Amino acid sequence: MIAPFKTRYDQDLNLAKGPGSKIAYAVLLLVMAAIPLVLGEFYVGELGGLFIFAIAGVGLMLLTGYTGLVSLGNAAFLGIGAYTNAILLAHGVPFPISLPAAGLLTAFFGVLIGVPTLRMSGLYLAIATLAFGSIIGTVLQKWDSLTGGFDGFAVQTPTILGFKIEGAWGVYYAALIVLVLVVWVSMNILRSPLGRAMVAIRDSEISAQSMGINLAVTKSIAFGISAGITGLAGGLYAHYVRHLAPDSFDILLSIQLVTIVFIGGLGSLHGAIFGAAFMRLLPQAIAMVRDDLPFGLGQLPGLEPSLFGLILVLVIMFEPGGINGRWVKLKRYFQAFPLHRKPAARRQKSYAKSERLR
Amino acid sequence: MSIFAAQDIAMNFGGIRAVEGVSFTVEPGEVFSIIGPNGAGKTTIFNMISRIYTPSAGKLIFAGEDITTIPPHQIANRGIARTFQNIELFANATLLQNLLIGRHCHSQVGLLAQFGFLPSVRRAEIAHREKAEEVIEFLGLQRYRDQLIANLPYGVRKVVELGRALCIEPKLLLLDEPSSGLNVEETEEMGYWIEDIKQDLGVTIIMVEHDMKLVHAVSDRVMALASGRILALGTSSEVQNDPEVIRAYIGGAPV
Amino acid sequence: MEDVLRLLQLSINGAATGCIYGLIALGFVLIYKATEMVNFAQGEIMMLGGFIAYTLVGKFGMNYWLGSGLAVLITAAFGYALDALVLRRVIGQPQFAVVMLTLGLAFIFRAGAGIAWGYDSVAFNTPFTNKLVKFGGDVVLGQDNLSIIFGTVLLCGVLYLFFSRTRLGIAMQASSQNQLAAYYMGIPVRRVFSLIWAISAGVAAVAAILLVPVQMVDVNSGIVGFKAFAAAVLGGFGSIPGALVGGVLVGIVEQMAGYYLPTGFQEVTSNIVLLAVLILRPQGLFGQVIRKRV
């Protein structure tokens, strides 16, 4: 395969590199839009859920994969977004306003979390976000008057211009539109000075400062954007589940989000989507083969979380680049064919780098 | 009028006095080298100028402005750039992206404009790209343009570090041991780059160095430090022949 | 007098739970000091230790002391194997990857425990269950809490002697501080690290056994690991005595919060302490601040 021959800087800046790419994206969009006309309600519902987690995945990917800020508490942002959207709808706010408002409020919380953690790095940041997520989760549970406590909160069906958006296909299209929007904005950020500033912070804070990047402001913006996107996902999630339970936004959900980002491949937007697809399809796959497993393995309780853990462990041990890492290696294999050399793709042995002295 | 002045600066780390009572000025367009044995305080001075450390005492004046306490991210838009001894490039980005990050201090686009990648952002990006390409051409880095830094040899990375600093379009360039880790040929090349930067771009350079040949070849003035204090300041020959300096490097009976 | 008694009771309860937090935090800190890895599965290892002890003492009817000791050894061996087989393979990967790895392991352990021992809570008889101790006629304290505190102090004494007086202990300290130099001194660093994991797991098992009189063992016991973070951070993540002091402090503050503050606050106490420490004084009580030199 021949690399495209570039004649203008614009070609490097464009999202779709060349006519072939544009056509591919257009076709993908058309296919996605047409799916509900073809597949049954169950699959459409599941895909809607996949899109929602993909949105949350993109939000976390920008924060962790691109800015290097580990967050083990993003479920809190999902929760804030979900409840804000549901509560606003219950008060008669129209959907096209309640959803963005949910995103904005969550973004505000994101900045709120970002500010005290500005000087924390790596491990401490992870623990702090863990604690924060836990606190928000508890608040959502205990603040009965606002969130309905253990009875949960029933979510109203949204309407746009008089049309009721209901059923699996309603969630599907809403989530698809938001996903496309979020991915487009993210890709814009990544090809702009802000995106480069984020990557600079990830790779070397000290020299980022020397280049004129204001660490505090950029990190806060990163937290804000990530939280805002996750908040949008949360708002949609409220419609997906239709009834909010206060204990669903817990540490387990935060870890699932981080797993999405990790398994997908840190540092790539495609990775967020691959990861979300993987995480959502795994339970389905298990359900399908459950009865065929030998030794009655399929009947054991706790099969799902153990498989989840096992896959996580295996991925880290053997393919830390995640699905995207594999995908890139595969692409390179085909591009270089038949001159592909195995050692080029092999992981190099490396030595422990001290994180205390980043 | 000197472009940079350090007035009686000192740096204490706990009980250790890394730098004490150091004063010097740097004239516009000159190459000013700082030499001295390890632990003399050279990099500490650099870190003070680039605001990673705050001096325990004294003042730093750049282009007539007191910069002693400004935040570290504000030195770039005042025109001060630095390279690091141990190369602090962004390892997971391409060479081009590293240089573009160097353009950050010249970026003025708003946040929302970036979200939508408005035409104004596109125009700014192309302008930055053009400047970065100028630097690439100046340093001859064309064939490495799209490679990840992690895959580049050490010598090339040193030059990229230089390029990234040049993207800031600095008035003052701080080079921290530009020849460390380079072989004889690469060091000579580095010397040529430094001369070119001084002559073609008119940039003032302050350089910390150990390689005396390089120091002698490019410097207008040299300052020798030991144990945080100035031993000598003058032309390269003057300083290299100063008995105090010789004693500091080689040792000898105290006077 | 009543208030004083209540305060004393709360403090003892708090100190006892705090000791458990402290022991788990101790496990974190031991591993972190040596390898800069954080073992997010420490709580789950404690849970496994508890189940193993239950099997030996509760189901097979072994003597409490023998069975407990054996359970500690088995868990320690498990810790060793974990490092040798799994953790060694991810040396060189960023810290975040190791965090995820140990989180994944935590899931596997939890599910494995569920498969092996079921999802009900279990317990076994200890010499301290339901026994009381009287002091001066007015003060009545449970032997269970006191045994936890006493056991912890004893264990820490043993560990202190081990690290400062034995060759192996000193070798561990050396390997923690400077791997390369330790190699040059002929210390088998990788094996030493696995042994550190073994000790860490053993300490977790001791914590589980000490906890049995107070709380039953079940698949979710490992959740205490997150509270132990607050302890480790408060103490300063690189400090061993700090971990214990931190644990006891967190435990006591929690008990006080539970009693004096409205309901619901007790749960968030450890997290609030954690956030407060990280924001105000990240190095905790005894930790050190290390800066990168450029």
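Brief remarks follow.
Per-chain residue numbering starts at 1, and chain names A, B and C are given in the order in which the chains are listed.
The criterion applied here is as follows: a residue touches a chain if its C-beta (ideal position, glycine included) is under 8 Å from a C-beta of that chain, and two chains touch if they have at least 3 such contacts.
The model shown is predicted, which means the values in this text are computed figures rather than measured ones.
Centroid distances built from C-alpha atoms place B farthest away from subunit C.
Relative to the whole-protein C-alpha centroid, the nearest chain centroid is that of A. With centres defined as mean CA coordinates, subunit C is found 33 Å away from subunit A. A straight line joining the Cα centres of subunit A and subunit B is 40 Å long.
A straight line joining the Cα centres of subunit B and subunit C is 48 Å long. In subunit B, 52, 84, 88 are the positions where the chain touches two or more neighbouring chains simultaneously. With touch defined as above, residues shared between interfaces to two or more other chains in subunit C number as follows: 294. In subunit A, the residues that touch at least two other chains are 206. Contact residues of subunit B toward subunit A in the complex are 50, 52, 71-77, 81-82, 84, 88-93, 97, 100-105, 107, 109, 111, 114-117, 121-122, 125-126, 129-130, 164, 168. By the touch criterion stated above, subunit A contacts subunit C in their complex at residues 64, 70, 116-117, 119-120, 122-124, 126-128, 130-132, 134-135, 138-139, 142, 206, 251, 255, 258-259, 262, 266, 300-303, 305-306, 308-313, 316-317, 320, 349-358. Only residues 35-36, 38, 86, 89-101, 103-108, 110-112, 114-115, 119, 179, 226, 229-230, 233, 237, 264, 267-268, 270-272, 274-275, 278-279, 282, 290-294 of subunit C touch subunit A when the two sit together in their complex.
Put simply, subunit A touches subunit B in their complex at residues 9-10, 12-13, 185, 188-189, 191-194, 196-197, 199-200, 202-204, 206-215, 221, 267.
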